[in-house]
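For clarity, chains are labelled A, B, C, D, E and F in written order, and residue numbers in each chain start from 1.
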Amino acid sequence: MNDTLDEFKEYREKMNKKILASGNQQIQRFFNLDTRAYEPGALPSKTKELLGLVASVVLRCDDCVTYHVIRCEEEGVTFAEFYEALNVALVVGGSITIPHLRRAVERLEECKQLEKSSPKSRRA
Amino acid sequence: MNDTLDEFKEYREKMNKKILASGNQQIQRFFNLDTRAYEPGALPSKTKELLGLVASVVLRCDDCVTYHVIRCEEEGVTFAEFYEALNVALVVGGSITIPHLRRAVERLEECKQLEKSSPKSRRA
Amino acid sequence: MNDTLDEFKEYREKMNKKILASGNQQIQRFFNLDTRAYEPGALPSKTKELLGLVASVVLRCDDCVTYHVIRCEEEGVTFAEFYEALNVALVVGGSITIPHLRRAVERLEECKQLEKSSPKSRRA
Amino acid sequence: MNDTLDEFKEYREKMNKKILASGNQQIQRFFNLDTRAYEPGALPSKTKELLGLVASVVLRCDDCVTYHVIRCEEEGVTFAEFYEALNVALVVGGSITIPHLRRAVERLEECKQLEKSSPKSRRA
Amino acid sequence: MNDTLDEFKEYREKMNKKILASGNQQIQRFFNLDTRAYEPGALPSKTKELLGLVASVVLRCDDCVTYHVIRCEEEGVTFAEFYEALNVALVVGGSITIPHLRRAVERLEECKQLEKSSPKSRRA
Amino acid sequence: MNDTLDEFKEYREKMNKKILASGNQQIQRFFNLDTRAYEPGALPSKTKELLGLVASVVLRCDDCVTYHVIRCEEEGVTFAEFYEALNVALVVGGSITIPHLRRAVERLEECKQLEKSSPKSRRA
């Protein structure tokens, strides 16, 4: 990994702000739909974040994987659940997903580390 | 759709049988891992089948979508849950997934129809 | 091709109607964004439809290709322009796109044929 | 499968002819490069056709798979070699490739059948 | 981004030179076709570069996106046109393209910055 | 490239160890199948590694490409064979694979360099 979780978040927010300030209203609406797709409904957010995680792994997008690893963590996905979801992604998507699995696991460890060092601040 | 659910199942079983009879042991083991990935563990089968469905839609494989629609149905996924999962797939994978959404919805209707006409035989 | 242009359109409309009637508001909004993305703005519709065509060819979705071939035709894309756009898609996406090129060209011919047989009705 | 090997070949040739007759010289050159990529060089044609087969399976293009199955057959790829190549594709590309594996195996059987019924005519 | 526009260009040129010096004539010809696909013909270069940009975003290749952002800039694509093209890519390719959108926008800003600091040298 | 061959190998081994220590038995079995797919059988390892290389290029995974470049080197793939395999990947996968070709060639040079500086240690 070339950046820390904090660097990832900072870059993501900075650039999203620029995109949303561009004046292209349709992109703004897409971003809004993207956020809402993971809100609780008939399915809880936890399940939806797992869906987002697996979709990101099989489509092999590290930034999307990082984002959903963070969100899965916040939704209380356990270690065993996390690995079972990754296994579904691995079987569906094949060995080409393994480098992304490695980075997903590294991101999970970063999340756990942050959690340990300041359990409260994370949800602040 | 060019084939019915029954034709789909028949072709799938016939060809899987041939592949498994080929003598290539590693392919046999892969097929075994594929089956086991959706068995209940830390995550229930229902969640795993939804993961398989969304992965299949974003990777745009109609046969895989058909298979997971059938299995989701068997696991009791509701109409609203089904559509929320498809919405996650649509947002992640974009409009290029829409033709597969159309066929997923057609398959869902076929399942419901079969269910209605012979509710018991389906699980026999 | 297994279906005619008319069959394609009929199936597409029938299933879209079902999806939009499902009550999932977010999918409705996505479909709306999809339609609006090709409306004239800073770029004319013709250019946007060519963008949609090339994106569909490199992502290798026959139904999406068919849709954009029809729309390109309506926007007055010429034979030479059509082939130059397909050439960009072919170079970017490689020989794996060739089967989709073949079907795109078949669809283009169907459009021209329909045009010839009833030039007015098409725009009615 | 919706078409026989003969129908596949006929459609492919008919449409390729139209594309090459379009006057777009760059597409003609691409088609030429595509043909030449599998000619013997430092690597024999047999190995190159296996490369084309595996690339086609992991990219999940049935028509490309069919084409390379036919060519592998002509290059004398054995049953065991064929399955080992498919296994590499399956492991790299995951279960999402399985429907294409089924159709690849069906195509292989069609080739063997044609071979048996008229061993000479095939190479005529 | 881990490299500047200048570093990107330098690496690209250095490695392309090595590939072209390898003696593999077919790769040389492919590179030639790649360059020529964007030359003006029935469609102007500006449109073709937009096609290349959108194809690169939906196929999610940062280096290809960077290249076409630079070229679009040179062809005079406006800010609003750029965002409308990105919106087509976003709708077709889904949220999985968003990380690439962020980097595309960063590259666009780098181009604008270079333009401002030395408007003439860029075209020298 | 942001990391050397040694850094690549170290990270890969460290993270694979963590994944295999997670207790998820199915992932362990998948990793085992992945290793075994390239062992000599009806096809020699050299051919299988070339299959893995081409599959990795068309699916555009740099880490997978790096891994198979190293393995191809160990199996004695010559410079000309290497480029012919890359040409098949380029033709099948299109210009979108070119950035990966550049990095593949850089990796190949790193391998040759290591070979020269300590020809024995590499196979130790």
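What to note about this one:
Methods note: contacts are C-beta pairs under 8 Å (C-beta built on N, C-alpha and C of every residue); 3 or more make two chains touch, one makes a residue touch a chain.
Source: prediction; values computed, not measured.
Counting steps between touching chains, the shortest path from chain B to chain F takes 1. Farthest from chain F, judged by the mean position of CA atoms in each chain, is C. Its C-alpha atoms fitted onto chain C, chain B is found rotated by 120°, rounded in steps of 5.
In summary, the interface at B-F recurs among the listed pairs A-C, D-F or C-D; the equivalent pair, sharing over half of its contacts by residue number, is A-C. Contact tally for B-D versus A-C: the pair with more C-beta pairs in contact is B-D. Our note on geometry: chain A versus chain E, Cα centroid distance of 28 Å, whole angstroms. One finds 39 Å separating the Cα centroids of chain C and chain F.
Between chain D and chain E, the centres computed from C-alpha atoms are 33 Å apart. Rounded to whole angstrom units, the spacing between the C-alpha centres of chain A and chain B is 25. Looking at chain C, residues 2, 26, 30, 33-34, 37, 55-56, 58-59, 64, 80, 83-84, 87, 90-93, 95-96 sit in touch with two or more other chains. Viewed as a network of touching protein chains, the structure reduces to a complete graph with every chain in contact with every other.
Chain contact summary for the complex, chain A toward chain F: residues 2, 60, 79-80, 83-84, 86-87, 90-91, 95-96, 98-99, 101-103, 105-106, 109.
By the touch criterion stated above, chain F contacts chain C in their complex at residues 58, 90-97.
Those residues of chain E whose C-beta lies close enough to touch chain F in the complex are 2, 11-12, 15-16, 18-19, 22-24, 26-27, 30-31, 34, 55-56, 59, 61-64. Residues 26, 29-30, 33, 36-37 of chain C are the ones that touch chain A when the two sit in their complex. Chain contact summary for the complex, chain B toward chain A: residues 33-34, 37-38, 41-43, 47-48, 50-52, 54-56, 58-59, 64, 78, 80-81, 83-85, 87-89, 91-93.
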